[in-house]
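Look for subunit A in each of the two complexes below; its partner is subunit B in the first and subunit C in the second.
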Partner chain A sequence: MVVLGSVIAVLFVLPLWWAAVSALRPQRETFATLSPVSLWTLLPRGLTIGNFDRLFDAEFGRALLNSTVVTVATLVIGLAICATAAFALAVLHFPGRGVVFAVMVVSFLIPFDAIAIPLMSIFRDAHLENTYLALVLPGVGNGFAVFLLRGFFLGVPVDLAEAARVEGLGWWGVFWRIYLPLSRPALIGAGLILFVFQWQAYLWPLLIAPDPEMTVAPVAIAQFAGQQGVDFGAIFAGAVLTALVPLLILLFFQRYFTQSVSSSGLK
Partner chain B sequence: MSTVPTRTSRRLGDLPIALTFLLPALLAAVLLRLWPTAKAVWDSLRSTALGVEPTHWVGVEQYRTLLDDPAFLNSLKITLLFGIIVNPLQIAVALALAVLFNERIRGAGLMRTLVFLPVAIPQSVSAVIWAVAFRPDGPLNGVLARLGIAPQGFLTSPGQALASIIVVVSWIGVGYWMMFLIAGLKEIDPTLYEAASLDGAGRWARFRGITLPQLRRQLAFVLVADTISNLLVFAPVQILTGGGPNGRTDLIMNNVFERAYVRADAGAAAAGTVIVAVIALAIVLVQFRLLSKGSD
Partner chain C sequence: MHQNRTFALTAAAILSLAAAGCGDGGDDSGQDAGGNTTLTFVNAQDPGTFDKVIAAFEKANPTIKIKQQAVPFDDLNSTVQSRLGAKDADIDLYDVDEPRLAAFASRGFLEPLDDLRGQAEGKIDPNALKITSYDGKQYAMPRWTSTQLLYFNKDLLAKAKVAAPSSDPAQPITWEQVTADGKKAQDAGAKYGLIFDQVDRYYQLQPLAESLGGGPGLSGADLLQPDVTNAGWTRAFTWYHDIFQSGVAPRGINPEQTPGLFATGGTAFFAGGPWNAAAFDKEKSVDYGVAPFPRFAPGKPATSTDSWSTGISPFSDSKDAAKKFLSYMTIDAAGATATTSNNIPVQKEAFQTYLKNLGAKGERYQQIADIIEQSLGATAVSRPITTGFVDFESVMNKAFADIRNGTDATTRLTQAGQELDRDLAKYRTK
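What follows is the complex of A and B.
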């Protein structure tokens, strides 16, 4: 079992390992060791940071910064929007709750990439091209994050909220002081969903933010494969840097992620 | 803040406060999802062909033209073929890995993370890495050469291009779906397994008799969410093959994107968008069927 698991894990991570190694060696070395395959395909001989130099000469730092700004903004705004909506749908009672829930579900489950093109012309009419706002907005409402949080909120005992209400706490107080602190695992899970969506974003930034100043990391890396040939060294260096942030976050939060999905039961 | 509700407040419930909680999400839903969807439908019913004539109402003409276009039909066919292969494959592998990494084995947490890692990397980056792997002089052919097998075309071979895309997309997605299934496995009551073991049920019998039925809800969810994300695969296709060779990997999103940006045919792209959205919504409706059945 251990052997099988290890072999599979290594197979999955092998392409990333090779990319990371190739980011640290000269490009000709990368291709000289491709065929025939040897140990040197996967181990670097002669380390260099030249690939990273070229990457940063092409303003990749800017792109990585843009990605980070956009993703962090999406996380903060997205969690606020999704959590408040989930709270209303799980805890509050009002006429038409079913209808609102249905509208929310249907609209958020319309796949975003499928409507990216009409949405782009709406954003253009509103002169939102090449703005952080345009990059952030589509990521803030996420049907799956709402589901996750609503499921978790439904599991919080109603007595807690009722007791707090009797003591004179308003609904915002109930939300802020009771539900949010109890829901940390679900919030981390929802945060990861929002994070992956935005960190991965490619089609939308390609459409709405063509300005080099506003390029995000995934698009910037793809641009190293241009008409004048492909700079693989720089691409791998970019891949390493782009992967590093989620890697650290995932290693840190992985336990919570599994926990939050399971305790919400994906309702 | 009265604890004894009046008649009006009972009828309205928490409506005013609920509205303030819901407003941002409702605005996002309407402005960022429903409006563009309505716009796609509207655009698809009008002709905007290259500015030759003023925009005018053409009804379902765009759809008729699109569904008569062999390239679009090919794209639908390729998307269907892709879906039929990639979805069962990914779910089966994700399930097998979930069961494996849910065992109490040393280092299971680290192994899980390694398998999960590809989803944390932008798909455009994954696609570029795989583009090198698939090169004629790339490492995959290098391994084949060591084994004495002739070099393969992979992305340039009409027979292998779609399979190559499937490998890349699965490498990216399998770990993600695995996590949801692991979460489901953790919910299963361990005493069920203990009882079955006492009754002499083997590993396979326990998997079929307990794991599968208990996982039904998560499996239904993963099935549909996975199907939708595979319907919308775009970056790997655009970077690896651009839909070629000869349209063999021309998945629907790539086709629609090309109509909009390479051929600047906004009307046809809108009609294509609507068709993709309708297919996706149909899949979502199936999801709710399965989920509501699962919770009985």
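What follows is the complex of A and C.
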């Protein structure tokens, strides 16, 4: 069983390894070793950083920085908005709570691509094109993150909130001092959802922020595929760099992420 | 991932059409307080392609600045369509893929440029002006054109004791000969006999059917009737099926990967564009020769053509300034020369300069220049100018892929004809 598991794990890693190796060798070698598959398909003969040179000559660094700024801003603002919304829907009793929650659930079932065009018109009317705000805003109100956090908050014993209220703590205090500290795994899970949404965003940045100064990493990588040739080396290099960030974050937080998904919805 | 992205953009573009209108949002008042105008030019060309022409234009016109917005190549059409569908006044000029011009013009996404046409006559190739016109109006200014030729690996052919094809532009080898020689080269050690640069794409495969008298695949006054099951099409794509079935050409290779397979030295023949030569030279691992694009033995020579043109958005606030730049970039000889990268300019003086510069790079490039001149003048076949081209191309590219993967050509072309009959019906009623 262990052997089988290990073999399957290695098979999953091989394409990623191949992409990483291809980022570090000349493009010609990548193609020359493709067929027949041999050890040299997976091991580089000549190492080069030329692919990374071309990548950064095309100002990929700025695109990566843009992606980072947009993602971090989305994480901070988005978590604040989603957590407060989830708290209201889980703990506070107000008329129409069920309807609001139902609308929110439906909202995350609608593909973003379907609303991108009308949303673009609204943003352009507000003169938000080519701004960080335009890139960040659609990511901060994430229905799935609210759904996840609400499920976790419902699992927090109501007695805790009631006791705190009796002691004179306001709702804001209950949220800040009781629910948030208890919900770290769920917050990390929701944060990862917001992170992935923004980190891989492609269609929206292409439509609303087409200026070169505002290009984000996925769009910058796609620009290496031209009409008269594709710079696979630079694409591999960009993909490796872009994948490294979420990879490290996932490795660090995977325990919390699994915990948050498995425990949300449990009472 | 890539297909999902393309699908998403296409879906978004279709949605945007519901909101599209033909109104003119521009009053040519797109100047800042200092009287300066900034034009936004959306394109999908390699970085640096327009740097020289923009610098020269800005020097001569200090009150006009050109800002480029580069869009990934595969997403240009759908992105532009989505943005113009939302009447995005931020786009002043944009690159138009010539076979898509009719669809863009019919939706009101292009400003008529009949005044520029008057200036262009006599200076730009009339065929290029014709294919950028629709319904009697000029909708974009042609910038470049293209053609196809046959590259061959000298070492692999010599090893197989196969005579190299002639580089004489008027003496193209036949596809039957290419197949037989490719097979011999494989027997002598070549990995592949023949590879098409743009495998499964209508642009490069249209000449196969045209060579056998099959036409472009569309007929009728508006080119909206499918005609892909005639004898020419059936024979051409039975041959296409057979080269993959017999292993002369490889399956499972994307167009993005094909030049790399010739450049690494394992392929006997490669059908591609003049632009591939620069990439092959860069790799330095293949000694290659060039020949005119093949024809079928019982048929006539036919070659792909056309390329990119530039149009002006009807929603632009700076149409006059945009026309000034467009005129300089396409009609003015100096501008058209400065714009050229690896592409062939259609401005007559720039074209001659291009051929001269190409020939000056050595004997092989002189042969390429001769082939370009001959094919553009005598054998070029444009893609059909019709509002239904995008649907047509999409259906046919899928059919080509199925035929490559083993589906019988006659059966698949019949199915494609039925699909086209349904898909093109919506354009016929307009």
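The definition used in the following text is that the second predicted complex is superposed on the first by the 262 of 267 C-alpha atoms of A that agree within 3 Å, B and C clash if a C-alpha of one lies under 4 Å from a C-alpha of the other, contacts with A are read in each partner's own complex, and residues count from 1 in each chain.
Everything that follows uses one rule, which is that contacts are C-beta pairs under 8 Å (C-beta built on N, C-alpha and C of every residue); 3 or more make two chains touch, one makes a residue touch a chain.
Quantities reported herein were computed from a predicted structural model and do not represent experimental measurements.
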| item | value |
| --- | --- |
| Fit or clash between subunit C and subunit B when superposed on subunit A | clash |
| Which superposed partner A:Ile117 touches (first subunit B, second subunit C, both, neither) | both |
| Partner chain(s) touched by A:His93 [first = subunit B, second = subunit C, both, neither] | first |
| Touching partner for A:Gly229 - first (subunit B), second (subunit C), both, neither | second |
| Partner chain(s) touched by A:Ala19 [first = subunit B, second = subunit C, both, neither] | first |
| Subunit B versus subunit C as contact partner of A:Asp211, first or second or both or neither | second |
| Which of subunit B and subunit C A:Leu203 touches, first, second, both or neither | both |
| Residue contacts with subunit A in the superposition, subunit B compared against subunit C | B |
| Which of subunit B and subunit C A:Val146 touches, first, second, both or neither | first |
| First (subunit B), second (subunit C), both or neither touched by A:Ala32 | second |
| Subunit B versus subunit C as contact partner of A:Val2, first or second or both or neither | first |
| On subunit A, the residue positions that both subunit B and subunit C contact, one per complex | 31, 35, 111, 113-114, 117-118, 121, 202-203, 219, 222, 225, 232 |
| In the complex with subunit B, residue positions of subunit A that touch it | 1-2, 4-6, 8-10, 12-13, 15-16, 18-19, 31, 34-37, 41, 80-82, 84-85, 87-89, 92-95, 97, 100, 103-104, 106-115, 117-119, 121-122, 137-138, 140-141, 144, 146, 165-166, 168, 170-171, 175, 196, 199-200, 202-203, 217-219, 221-222, 224-225, 232, 235-236, 238-239, 242-243, 246-247, 249-251, 254-255, 257-259, 261-262, 265-266 |
| Residues on subunit C engaged by subunit A in the complex (per definition of touch) | 5, 8-9, 11-12, 15-16, 19, 42, 44-47, 67-75, 79, 82-83, 85-86, 88, 90, 191, 256-257, 259-261, 263-264, 266, 273, 275-276, 279, 283, 285, 342 |
| Touching residues (chain side subunit A, partner subunit C) in the complex | 27-28, 30-32, 35, 58, 111, 113-114, 116-118, 120-121, 124, 129, 202-203, 206-207, 210-212, 219, 222-223, 225-230, 232 |
| Subunit B residues within the subunit A interface of the complex | 1, 3, 11-15, 17-18, 21-22, 24-26, 28-30, 32-37, 39-40, 43, 97, 100-101, 103, 105-133, 135, 137-139, 141-143, 145-146, 171, 175-176, 179-180, 182-184, 186-187, 217-218, 221, 225, 228, 231-232, 234-235, 239, 253, 256-257, 260, 269-270, 273, 276-277, 280-281, 284 |
